[in-house]
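Heads up, the next two complexes both have subunit A, just with different partners, subunit B and then subunit C.
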Partner chain A sequence: MVRLIVTRLLLSVVLIVISSIAIFFLMSLVPGDPARTILGANATPDSIERLRQQLGLNQPLLSQYASWLGGVVRGDFGESVFSGDPVVKLILARVPVTLSLMLLSTLVIAVLGTGLGLLSAVRGGALGRFLDAISLVGLALPSYWVAILLVALFAVAIRIFPATGYIQFADNPGGWLLSLILPVAALSLGGVTIVAKQMRDSAMDVLARDYIRVLRATGVRERSIVLKHVLRNASLPSLTVLGLTVVGALTGAVFVENVFVLPGLGTMVTQATTSHDLPVVLGVGVFFTLFVIIVNLVIDLLYGVLNPKVRVR
Partner chain B sequence: MSASHRPAWQTALVAVTTLAVAFGATACSSASSSTDSASTSSKGGTLTTQFAGVPISLNPALGGSGGSAIFTSLPYDSLIYQTGDGKLIPDLATKWALSDGNTKLTLTIRKGVTFTDGAKLDAAAVKASIEYMMKAGGGDARYAGPVDTIATPDADTVVITYKSAYPDAPYYLSQYWSVGQIIGPKGLADPKGLLTASDGTGQYTYSASDSVSGSSYTFVRNKKYFNPDAQQFDKVVVKVIGDPSAVSSAVTTGQVDFAGVSPTTAATVKAAGLKLVAAPFFTWGLTLADTEGTLSPALANADVRQAIALAIDRDALASALSADYTQPNGQMGAKGTDGHVANYGFEYDVKKAKSLLAKGGYPDGFELTVLTENILDSQTTISQAIAGDLGKIGIKVNLVVKNSVPDFIQGALSKQFPALIWPVVGTNSAQVVTNFTQPGVTNPFGNTYESLNSLYAAAQSSTSASARTAAYEKLTKAANDAGVFAPAISTENVFAIGKTITNVRASALNPNPLPQAPDAKYAWKRTK
Partner chain C sequence: MSAGLVRRVLRKPLGVVSGIVVILIVAGSFAAPLIAPHNPLEQNLRIVKQGPTVAHLLGTDSLGRDVLSRLLFGGQESLSGVLVAVVSMLIIAIPLGILAGYVGGITDRIILHVVDVLLSIPGTIITLAVLAIFNNSMFVAMVSVGVLASGAFIRVFRSAALSVRQELYIGAARVSGLGQVRIMAAHVLPQIRGVLLVQVTLFSAATLGIQTGLAFLAFGPPPPAPTWGGMVAEAATLIQTDPWLLVPTGGIIAITTLALCLLGDALRDANQERFTLAGLATAKRTRVDSAPRGMTSVVTASVTTATGVTDVAAPDPDEEAAIPAAPGAVLSVRGLTVGFGPAGRETTAIQRVDFDVLPGEIVGLVGESGSGKTVTALGLLGLLGANGRITGGSILLAGEELVGMSAARLREVRGARIAMISQEPMVALDPSFRVGSQIAEAVRAHERVSRGDAQMRTAELLEAVRLDPAVASRYPHEISGGMAQRVAIAMALAGRPEVLIADEPTTALDVTVQADILDLLRSIQEQTGMAVILVSHDWGVVADLCSRAIVMYAGEVVERATVAELFAAPKHPYTAALLRSNPHGAEPGKPLPTIGGSVPPPHQWPIGCHFAARCPLASADCLPAPIAMVHLDEERASRCIHIETLEAVQS
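And then the complex of A and B:
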């Protein structure tokens, strides 16, 4: 396991460099000029050029990237072109919001998806058919659209939840949870249906195995069979799907944060991308890359827990 | 025009533009929209407002104007204050006067005012701040005007001498413009520090620790403010919310007390029982930039330009967009602005348009490439309508759509497009016409128009309000005759006001309400 972790950490460095290069050069292709964005339509060419020099934008792309990378090695991710705030400070201020959203969504997807899938496999019948039907719907519905609907219904029409905003956990744990219920619901709906469908199919496959019949024949209780044997073995494929779903939810989080005006990394990177705030985009890109690596590492470790055969020696 | 992100609406939250809203020296007749001032109000508490984009900068010299001035006007008082009805009243300057043919502005500076850094406000501090603004390279520096010298004959007097007549000088020293927002000496010594800590004389100070950059900006009451009676709130929080549905939800559920709403969600907000305040802002139309015919020879012909203006069905476009907040407009200034001529403007006359087109030598029409964008012109609705109308008289329009404001500006300045669709603003005709007579986005070729320039100069030199209005009206008619701009519609800024907030006023002369005022009579209040 230690070897796995070390390998992944080394890999993360390579991945971060690759993703940052990709982001850097993709951003250079996006039309627009941050200096002009800052100074506006009426800025003189001289003032724009002066600002470009101040911001280092007149340097060749490779020089700009090398300068950024050199800073990163020293722990300096640069400053926002617009606010002047250090990128690390900006990211740290917003990470709790996005992490709260992602972790709660992951929990909901894992628990509800697994539970629903298992239940429908064991009970079958109408629940199973319903799950098959809504899994496609859940996959098709964009989280942005679901978010708007949830706000219209549960925040505006029936005022149970706040329409926008985020409350810090430290300020009010109850308010924090309340402010995340609708965003988490919007973000996790698709994932729940996907994981539930996968779990149902896997569980049905396991339930049809010979050893399950043997267990029943030997008098093992059904509940024990389902929770100890079926769940464990059916979880493996679902775990992979869960990992992919969580990574995919990161994209959804960007939209959901905008709808609910959550001050997370999603809203920050949206603003930074359209205003060409390159240091911020790169910083968030690095964070997202790390997040994906960690998610995959956790999935791999859980895989090893559930299936000793695949553990890395 | 400067862009905030600001951005579709997703990009508009980033790319909200701040626009020049010119103002004549005195208010002219204009309908104003307001919420009634309550007879009883309570002070203190927090006012939460919304703005669609992040601040361009918290340094006033680099900050935005218009509505985005909310971020800098709260901590930085200006020399002059413009009320919601467009009137100019004293703020840091207790009185001012234009003289010498509008080339000299003398300001008397208020006594007993201190910056948050403890320094006293005096003429030297004002001079230093204005000079910094002019050199800092911000997008609004040009609104300082053609400054020749800034003198301080005594501790309380500032005399600004201009190289040419500049009657709009007092307006551009108001709270909406960087030039008039005075920065303290400590801030001037360390401009970078202004991004995290304000140094002004305003009613509030910026609290970085309570703010989340890019999301919400908190301003706390300035205990050193010179007129505590005018301060209505203990705290003002500006939330950055760009998505129209999120704005609607936030204001409807009381999460914000004030928000700029889109015309498409205004009805929903009104149905929820909130008050709406609206004021004309943009005038949309087709700018015929290539009047010399460099790229499009047809546009060099005056008859062709007139034909284009006559081909636009303004009534249909206004109805299609949102009749409540959009008006057909056949002249460059919006109704209510100084120089707007009643019952005047281009009519919709397809027959006459075709006849003029033939007279100009293009009986079968021609092809025209038009630059536009889909940020302000959401889904290019206006652009497509104009293109469709021109198609009916034989002009085949190829729309080139840019997806960001900076990209549009870059395209416009590239001189590769003979025409473009971009809104203009101005509270008098002189300021609107400079969009077409001075080099810039809407005059990328740098064309000069002698008739317009001479009328502009005459208007600038007029020393009485009535003479200036008459000159502005002549300018409006001359602009139509020159055919540099084919106007189509005027759109309004629409604001939703929370149920407990009163005294919010907006008008054609001031379409961007701000909560604070040096005189309590004009400040927003919360009812008990």
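And then the complex of A and C:
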């Protein structure tokens, strides 16, 4: 178990280095001059040159990357080319928003997906066919379109939820939840249908297994069989799918944050891309990579917990 | 092969409709310059934000431009973006996937590591970065989407290639000297065509979402160029004043994505049907000539039988069915009939089964595969699955009628009064739970005891089956087959049943372990006084343990006798033939004795004697009507009209 975590952490370091190299060199090909962009069209060549010196833009690419990497190791991600603020500070200010969105969505996807899938496998009939049908819909509808639809329905037509904006949890927990309901719904719709379909398929497969029949022959209650044995065994493939949908939700989060104007990492990175703000994009890239790695690690650990054959004694 | 695939897809209405929709949208978009009613850039500020009219079928936007025309031209942009991504993905995923799966070894491992990296890189960031670098070029952005997504597809094509590698013709190709690359291109690639089509379709659906999303975020061609995503963004700003605009703009994206997904699903089903009987059944139903019957075993498949089967009237119950249960019998079965299939039109799997079981005796239920012995065993417990049901007869368990019992009461009876162990011990245990917890669960299903007491009883039960109580903390994959069967027996004993049904308990075990398990069963039976019904096809096992035997053939009981008498002088031609065909009795140098022909499956039972076609004593009388059971004496019965002939031959 410990060995698994250590291996994963080492792998994460390698991955961060590789991603950052990719992003760094790509961004460095940006046509145009960040210094010029910051100072505007009327800037004098002198002031531009001074800013370039300040930002180290005249250094060769490799040393720019080396100094960035060195900084990262010390926890220093540099400053935003645009605003001058430390990137770490900018990111940390926005992480709670994106994290709230991602965590709530993951919870919804896991609970609703598992519940619906299990229910439809056991009950079958209309619910099962309905799930089969809408699982495709969930895969098909892009999250930003669902987001807009939800805004149109629940924020404009029937004014229940706020259309845009985000309320801090510390300020007003009720408001915080309210402002996140539509975004979470938009983000998790696809994931719920995918996980539910997978859970339904796995659960139906498990229900046909011999040991379920043996449990029935032993006289164990049906409810116990479903909630204990079927759930446990059917969760394994669904767990993998859950991991994939959560990682996919990261992409969706960028769009959803833009639609709902949430002050999260998604909106920040979109703006940073448009204004060629390299340090910010790199910083967010590292955080996203970290998130993906943590999610995969958690999934692997959960897999080990659920599947005794994988555990090392 | 793909011609067959297309044909199969065409048989699915959903596949056809979605395919047509996709083709229409694609054709419409690329024919936009020809069919668009208006110039997409032409503004007309006098008719802004209109709903659908005759002149503008989908309305106009905030600058008076025709929405329909803009959607058509926008389709070009979006769909070609999707094409670029798909091609980029395939260029990387196909060669790498096939290479990894087919060549294997180090190449495989390296490629898998590359895939892991690809899957962990935040694709969104890179794509956004690419858009910034290359001046909003959607083309390059789509290439990066395709490249980054190829990781997942490398895996898919790799597994497809892996399965192809096992095929014999690949080995043949290799032996005949074809180079690796040639084999991969000429043989492996065509075989994964089905998988390829499915994945391409589904990937297109996902990519369309991403492409339009990027356009929505104002990346890609700037206004006034029409893009689907951009039009949705515009519609979002006009929600209050022109809510209609959201419908065609969002709708076209949703419809195209949905159609692609449904098409992909239909392709996937069609591809899988190559290997399933469901596919065969649908194929054969459309052909006029009769398909060969006897393809499926009714017990497992839910495929309805081929057309042309006449409804055979159920035979009259034997006189025996009227004989009341033997006094003190713990189990008394009369006229038991079980069928599978749709309610009211079941195919009978066993019929007219009568027998008694006295307390403390071990009765053997003997027959070949397909004789109906397992169905009988499952029927006694009411575990026939959703597709099967008892269609007639009665089962009295110490006077209580099990047929028609409520589900709740039946659950109480199972395990507590009648229990079962089955053939494959390794799959009889839940792999996710420790062995001890499963036994404890069986205990607590019938007695309200605390966890501690349940654990003590578990230890007792493990000792009763001659296992070390420490085994309780192990998982099923950590114990051997013999140990697993003992655990299964312990679970069955947990409820202290009066009757134990052992369905081929030793068939799946090593010969050395068989003797132990049988010995265990015998000693448990002696200790607890349980009755045991031992289902088996092995005469040796029956001779070893059973005092009486019930012989079944093709869904019916054909003979009942004590084991001693059965071996000494069988009274049914089938039993006689079966005993003779035991390899132990074979003479060296002569062919092994067998019974010619095969057991008729349930939907092919003749009206008369089921065994007549293979019986050396068969005559014309055996065919026209069902044969009744002949009650010979207290313990003996045989379903044959030529018993005297048989006795004469034997003496």
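Definition applied: the second predicted complex is superposed on the first by the 297 of 313 C-alpha atoms of A that agree within 3 Å, B and C clash if a C-alpha of one lies under 4 Å from a C-alpha of the other, contacts with A are read in each partner's own complex, and residues count from 1 in each chain.
Criterion: a residue touches a chain if its C-beta (ideal position, glycine included) is under 8 Å from a C-beta of that chain, and two chains touch if they have at least 3 such contacts.
On a predicted model such as this, the values are computed, not experimentally measured, just so you know.
> Would you sort A:219 into first (subunit B), second (subunit C), both or neither based on which partner it touches?
Only subunit C is touched by A:219; subunit B is not.
> When the two structures are overlaid on chain A, which partner does A:145 contact: first (subunit B), second (subunit C), both, or neither?
Only subunit C is touched by A:145; subunit B is not.
> Count the residues of subunit A touched by subunit B and by subunit C, then name the partner with the higher count.
Touching more residues of subunit A than the other partner does is C.
> Just to be sure I read the superposition right, which of the two partners does A:271 touch: subunit B = first, subunit C = second, or both, or neither?
First partner only, subunit B.
> Just subunit B (first), just subunit C (second), both, or neither: which does A:108 touch?
neither
> Which partner chains sit in contact with A:116 here, subunit B, subunit C, both or neither? Use first/second/both/neither.
Once the two structures are laid over each other on A, A:116 reaches no partner at all.
> For A:184, decide between first (touching subunit B), second (touching subunit C), both and neither.
Once the two structures are laid over each other on A, A:184 reaches no partner at all.
> State whether A:15 touches subunit B only (first), subunit C only (second), both chains, or neither.
second
> Looking at A:258, would you say it contacts subunit B, subunit C, both, or neither? Reply first, second, both or neither.
Touch partners of A:258: subunit B and subunit C.
> Looking at the overlay, what does A:292 touch: subunit B (first), subunit C (second), both, or neither?
After superposition on chain A, A:292 lies in contact with subunit C alone.
> Under the contact definition given at the top, report the residues of subunit A touching subunit B in one complex and subunit C in the other.
31, 148, 151-152, 156, 258-259, 270, 274, 276.
> Mind listing the subunit B positions that touch subunit A in their complex?
Touch list, subunit B to subunit A: 1-3, 5-7, 10-11, 13-15, 17-18, 20, 54, 56-58, 62, 64, 137-142, 192, 195-196, 212-216, 239-243, 245-246, 249-250, 252-253, 255, 272, 402-407, 409-410, 440-441.
> For the complex, which residues does subunit C have touching subunit A?
Residues 116-117, 119-126, 128-133, 135, 202, 205-206, 208-210, 212-213, 216-217, 232, 235-236, 239-240, 243, 246, 250, 253-254, 257-258, 260-262, 265, 381, 383, 411-416, 419-420, 422, 424, 427-433, 441-442, 445-446, 475, 477, 488, 491-492, 494-495.
> Within their complex, state which residues of subunit A touch subunit B.
31-33, 36-44, 47, 50-51, 80, 82-85, 90, 93-94, 148, 151-152, 155-156, 159, 162-165, 258-261, 263, 267-268, 270-271, 274-276
> Name, in rising order, each residue of subunit A that touches subunit C in their complex.
11, 15, 18-19, 22-23, 26-27, 29-31, 136-137, 139-145, 148-149, 151-152, 156-157, 209-211, 213-222, 224, 229, 232-233, 247, 250-251, 254-255, 258-259, 269-270, 273-274, 276, 281, 284-285, 288-289, 292-293, 296, 306-309
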